[in-house]
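Across the two complexes that follow, subunit A remains constant while its partner is subunit B and subsequently subunit C.
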Partner chain A sequence: MSKMDKTLLENAKSIIKERLCKSGYSHNVRADIDIAALDLGNLLQRTVEFGESNSVLVVGAKGSGKSTLINRVLEDIHNDSKNAKNLLIVKLNGYLQTDDRIALAEITRQLKLENTIGDKVFGSFAETLAFLLEALRSGDMSKSQPIIIILEEFDLFAQHKNQTLLYNLFDIAQAGTTPLAVIGITCRLDVMELLEKRVKSRFSHRQIYICNPSTLENYVQQFTDVLLLDKAFGKTAKHKAFVKKWNSHVENLTKNSSVLEILHKQFNYCKEASPLHQILFLPVCSLSQEHQEITPADIAESSQLIFNDSKANILHGVSVLELCLIIAMSHLTNIYEGEPFNFQMVYNEFLKFSQKKSHILQNYTKPVVLKAFEHLIELELLKTKDHFMTHSGKLQKEYRPMILLVDHSQLREAVAKYPGCPTDVKQWAESSIV
Partner chain B sequence: MSHDSSAIPARGKQIEQLISIFGDPVDVTMPALFVYGHSSCGKTIVLNHVLEKLKVPHVVVNCTECYTNSVLFSAILQGLSGDNDLGSWKCDNLNDLARNLRKVYESQGWNETAYIVFDKAERLRDREVNLLPALINLQELTSLNFCVILVSELPWEKFYNGVGIRQPFIVFFPDYTKSELGEILCHCRPDGVDREFYQHYISIVLAVFSLACRDLRELKHLSELNFSTYCAPVKAGKFDEGDKHKLWKHVEPHLKEALQQLYLRKVSSEEWMKLHDITESGDATVLKPVKNSDTIELPFYSKFLLIAAYIASYNPASTDKRFFVKNAGRMKKTARSMKKDERKNSHLRGPHAFPLDRMMAIFYSIVDSRVPPTANIFSQISTLVTLHLLAKIGHEDEIDCPRYKCTVSLDFISAVAKTMNFDIVRYLFDFV
Partner chain C sequence: PKNRKPFIPQRKTPLRASSNVFDQARERLHVSATPDSLPCREEEFQSIYSFVEGKILSGTGGCMYISGVPGTGKTATVMEVLSNLRSCVDDGNLEVFKYVEINGMRLTEPHQAYVQILKQLKDMKATPEHASQLLTKHFDQRGKKTTVLLVDELDLLWTKKQDVMYHIFDWPSHRHARLVVVAIANTMDLPERIMMNRVSSRLGLTRLSFLPYNFRQLQAIVSSRLSGLDAFDSDAIQLVSRKVAAVSGDARRCLDICRRAVEIAAREKRKNKNIQTVGIEHVHEALQEMFASPMVMFIRNCSTQEKLFLRATVSEFRRSGLEEATVGQILQHHVTLAKLDNLPPATVTSLIKVCNQLAASHVLLMEMGRHDLYARVRLNVSIDDVLFALNADS
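Showing the complex of A and B:
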């Protein structure tokens, strides 16, 4: 392949990777987001043009498209050139601004008003905020600049002390002096319960709900859309030929039955876009000179990795001694119907097995077995059962009650897959009778 | 890009996978990666190797070392900026971290992905609940090209914290097979040693230890420790290298003893090598026993007090009459007593608490001579509590009737009883 084609493939690869990895930018068309964008866009338009103050909450599960919605609306507002000049946007995030004090400092910074505040010391939060907003009155037609404040992870702001920031923002939005639009974004559907009474009464109770209404057809369409290249890729004839070839291959891929089966299985687990992107990530990354197209085998391999049982992976790597201890614990749990056991009981079971059946496992001293037991605790395959009689210092570690976090069927599968498992151990796993 | 397989044997597939995930530096990659696998599976070493080879900006922080948020954030900023001045990167909340990361990124003029690796990431679960979600979303929060890599021993399911975290891209490092372990251990042999000779030694070591231990670090330690013992007769000229059977017979007892002490580290490596030092003639396979640090020397009456406490802890109170009163008559063999429920076996359940009076009663009956109840005897009980051989149960206020529990094991108490010529097993209900 010529050098030109190699660069074309690399270009395609980086464009698709960006679509897969960046969140908050949906490449697919979703009708419900379009409608919500229209609503929200109108709201913000009224703030910007007519100076109306508004507050709105965007509520939806994680991964349903809230950030995409906000980004799209903001982009539309920016593109409307007459607004772009005097509009101020402040973006706050509940993960970063964990305190009202930090949040206020961040607002000051984003409004670029550090110089104005300077050394002034204010009594209360409200005074500081009012001063800030007053400072934004521009001389032009004595109109003040419209401000849009976006609060991501809104529910975390509701957990600050007294909900001061929220109270003040909604208060100013209600008072109607400065044109202020407050947009809260949250994934908690019960967010209204989190607000205090005085905060809730100042909020306009306007909520936009986003949910993912995809059907299987939409889902498969999303899969295709994220891989297709469009005209923006390039103008030259070579580019166009590459795009045509690539797109036809993607269409073939979508019609392949094994790929459709995998997509169906993933759709049954989770409708959202990000698991779909994760399945596509490895195949796209592995595109290269030698491997120029995504094959159904790539997708099968990648989805295999994603559907892997991680506990089975961990059980694959423990030593035979540790595996025997897990089998002993599984039998104890079975015999005593879920009651917690302690190390002494497990050691007893293990001794019964190793003395009667298997001679290779006989020469382990008790401290070595205890170390293996503690390794299993570290891997979190066991857990202490909180007993109300446990005085933490007074109970020796051999007698602490524990429960096993591995299911019997998982254990059986793990023993079957274990490399080089002695047959005695395999038989012991099947039946508890030694 | 091909990797140098001689540097890190048996991890070629993982290195290729990581390189393809990282891709072209200018491209965006997945915002968060999660790498998991057993300990000493090569996760950190492979990541370090790949990041250094690709020459991308990166920093590796260990979450056990960085035990508070401010230490963690300062470590990240120092590592990325390459600036070792401690004062300039003080930062204790996430907002400052985000701002400082932007400063570093812009000041260094990068336009490529910068990687932040968190080793021992399971420690991050114990910090505040929003730290982990915020770190995973770092790319989105700072709108810069960062990639956060979490390295841990535990699978991703153990990281769910009820707050909702975006799932990172998961990469699994499988454990080494037996042949891969052999290959890696051969790779790490000391200089000047013949490869085949060492390979035979490693196959012996793996045959003895692999059932109990598949951890690369421990196997490496054991093979280094015992190698001089293995090749001592060859050096002394007794056998030559080809005599595989004789070499195996010679080193077998040493390896078996090492198996008894696996992971325990009761003595330091130097002392171990001294104990197993072969004399110059090369045929003395005298193994000096490892000094047992478990026994303690106690005064005469303390030993009896301890034995009495053990009996009181592990025997139910109703059986005292049978063991300690003369002519108490035989216990009626009821059907109930015949069916000794294994679950009631105190040696499996654990010791139970007893009042001081009961222990003193047992004590007076097992000691032959007449012992006056002086403060001397009672202060020995307090010493036993300080030594953690007994544990005091109950409230500090109850000086009327203090309750204790015995916390020594059967092996220990048997050793103590043997020194006093006292047959303790005869007095234990569970062994009747």
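Showing the complex of A and C:
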């Protein structure tokens, strides 16, 4: 293996890793949201070219490419040299700008208005609002620079006090002063119900829904697209040879039946691309000199990690005593039909088992069992029942009502896979008769 | 830079002029393009005009309360009254008056109203407490011009002690104040509902309510904006007006839908040159877009397991007869239904993930916190909608 090949592989790796990790990366745009992109692009273009103010909401499930769509539309506007000079873009995020005070300071900072010096914004909250409104209201539809305001996590902005920020932004978009495009991005389908009546009236009610009507073929195509290298990779003969080899390998990979089966399973759970990227990330990272290609086994392994049951995994790590306690609790939950239990009940159930049937679990004192019980609480495999939560401090811990957070199927699987599980414990798990 | 006016930078390249009929129609239909005289609000205009003019002429003060649902032309009518009064002043038929405007929504908190009024009245800056003292002093002085104060979104000036509202309605009753207050809010019974007696009695009984537009008025509004422009079928305008009047009677909504219809027509025109005007089919599409519920479409595009989870939720609700269930209960139904459909068995973790995906879009409402299997789940859509969406594709 020559040294050249090594750098080639590293390059390919970093390109694919970038595609997988960078959220909002315009390479990841789905083919079927072209219509939405066209609509939004037209809208923004009219704001930039004609000075028309608009407001729009982009709604779609998590991971459906809302931010990616907007990034691509903005990229298109930026590439248009005439429009790019005229544009001011303000980006806000509901998780960062948690109240109107911070959001307003951020807007004036991003617009570089007079009350900012460097990165600092001066003046009180009320002054900043008055200042910003005066600036925006004194603008002129035909002379001022158009502004595009992007509000990510729009539903969080709707939870601000009085929705002052949204009211003012929508109001200015309807006042015909500074050309303003307000774009909200959210994953909540019922976002309109969050808006106050006067805010709702000022919003243009234009919503772009991003649904995912894709088929399994599209999904597989997305998988291939992420992995395939293109001409931009390099122009020398060696590059070309590498690309050709890599791409033919990727084609083979997507024709493999076990890979297709994994993709189908993943597709049944979630149509969005992000889990797909998760599955691919581990195999791509483990590419190396010794391991130059992604094999179906790699993909099976990483998808196994994603589909693992986390509770069953925790159960593999508990001690035999703790496992016995969980079995006892599971029996109690079954017998009393979901009623809460306390430590004493569990202990009694455990004693019945250990004294009558078991030959190895006889000599645990009560404090040891209680300790094991507390460890399970810490692992959040059981918890205090809600409405007793407030009194839980007053109740003695042996008598606190608890509920089990392990499903019966999880327990059965865990017992079956538990390394070195005693036979009598296994039998006890199967039937509650002691 | 204390007295410098804030501004947005000038644009580098000139605005593109609108060339075709559709562009012009869109420009005229924009909510910001308020006409010089509002159609269908002549009576209200007259009563506000005569009230304010009378007070200015007689040199006394008074209050007027205007109510109405959003988008019925309240603020626009008052603005029109003021611009007419101003032209009267220019003609010399009326004494010069000062105009001050505050909007409850543009204030960070109610007491900032004093600061804003003082700033517009005297161009001074002060803290809220100081400003209130200065204003009281100002309105007690003799020999000054009449002031017209417009208070928009009045309900937001509510405080526990109601001192801001009290002051605003009390000033006009001062002997030398010569203050005319025009207050605007949405609800008709606001004075009775949230104000103390001494505040609502000062507000007085001069009230005016703006009714929602009916369909003829909406039709007239759209037609007047489009007069001289052959862009819309008259039937199309009628359809929009009837639909909007049936829901809210909000003129903003009506104009927005028309504007969207123009966009759709322009898009169609690129494909088919024959389209000259916005027809009923374009308006219909725009109405569908703006009134349609996204939930059904969303459920239809869900993944197999998500659909199965919704089905399981519905069947658990049917079993128990309640509208709420825990995740654990639904999971049991899910497992059974998955077996019925011959799907590979799913782990609890991945099913909770599916539930979370649905809860993030708020199709399901899920209890927050770390309740795991015991988190309670509700549907945010009606069961009929869910079944309709699920059965449509099977």
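Quick notes
Keep in mind that, in the parts below, the second predicted complex is superposed on the first by the 389 of 434 C-alpha atoms of A that agree within 3 Å, B and C clash if a C-alpha of one lies under 4 Å from a C-alpha of the other, contacts with A are read in each partner's own complex, and residues count from 1 in each chain.
To be clear about the criterion, a residue touches a chain if its C-beta (ideal position, glycine included) is under 8 Å from a C-beta of that chain, and two chains touch if they have at least 3 such contacts.
Keep in mind that this is a model prediction, so the values were computed, not measured.
Contacts of A:L129 after superposition on the shared chain: subunit C is touched, whereas subunit B is not. Of the two partner chains, neither subunit B nor subunit C is touched by A:L216. In the superposition on chain A, A:K62 makes contact with both subunit B and subunit C. Applying the stated contact rule after C-alpha superposition, one finds that A:P367 touches subunit B and leaves subunit C untouched. Residue contacts after overlaying the shared chain place A:K311 against subunit B and subunit C alike.
Shared-chain residue A:Y399: touches subunit B; no touch with subunit C.
In the superposition on chain A, contact is made by A:L321 with subunit B only, not with subunit C. Within subunit A, the residues touched by subunit B in the first complex and by subunit C in the second are 62, 187, 308, 310-311, 380. Across the interface of their complex, subunit C is touched by residues 42, 46, 49-53, 59, 61-62, 82, 85-86, 88, 100-101, 111, 113-115, 125-126, 129-136, 138-139, 141-147, 162, 164, 167-168, 171, 174-178, 187-190, 197-198, 200-202, 204-207, 209, 211-213, 265, 267-271, 307-312, 380, 383, 386, 403, 405, 407, 409-410 of subunit A. Of all residues in subunit C, those touching subunit A in their complex are 1, 4-13, 15-16, 18, 23, 26-27, 30-34, 69-71, 105-109, 112, 115-116, 153, 156, 186, 250, 252-253, 256-257, 259-260, 263, 289-290, 294-295, 297-298, 301-306, 328, 331, 335, 343-344, 346-350, 353-354, 357, 360-363, 370-374, 380. The touching residues of subunit A, counted against subunit B in their complex, run 10, 13-14, 17-18, 21-24, 62-63, 67, 93-99, 102, 105-106, 156, 187, 274-275, 278, 281-282, 285-286, 305-306, 308, 310-311, 313-314, 316-321, 336, 342, 344-345, 348, 360-361, 363-368, 371-372, 378-380, 391, 393-396, 398-399, 419-420. Across the interface of their complex, subunit A is touched by residues 17, 20-21, 23-24, 26-31, 36-38, 41, 93-95, 98, 130, 133-134, 137, 140-141, 153-158, 164, 166-167, 169-170, 172, 174-175, 177-178, 210-215, 256, 259-264, 343, 347-351, 391, 393, 405, 407, 409, 411 of subunit B.
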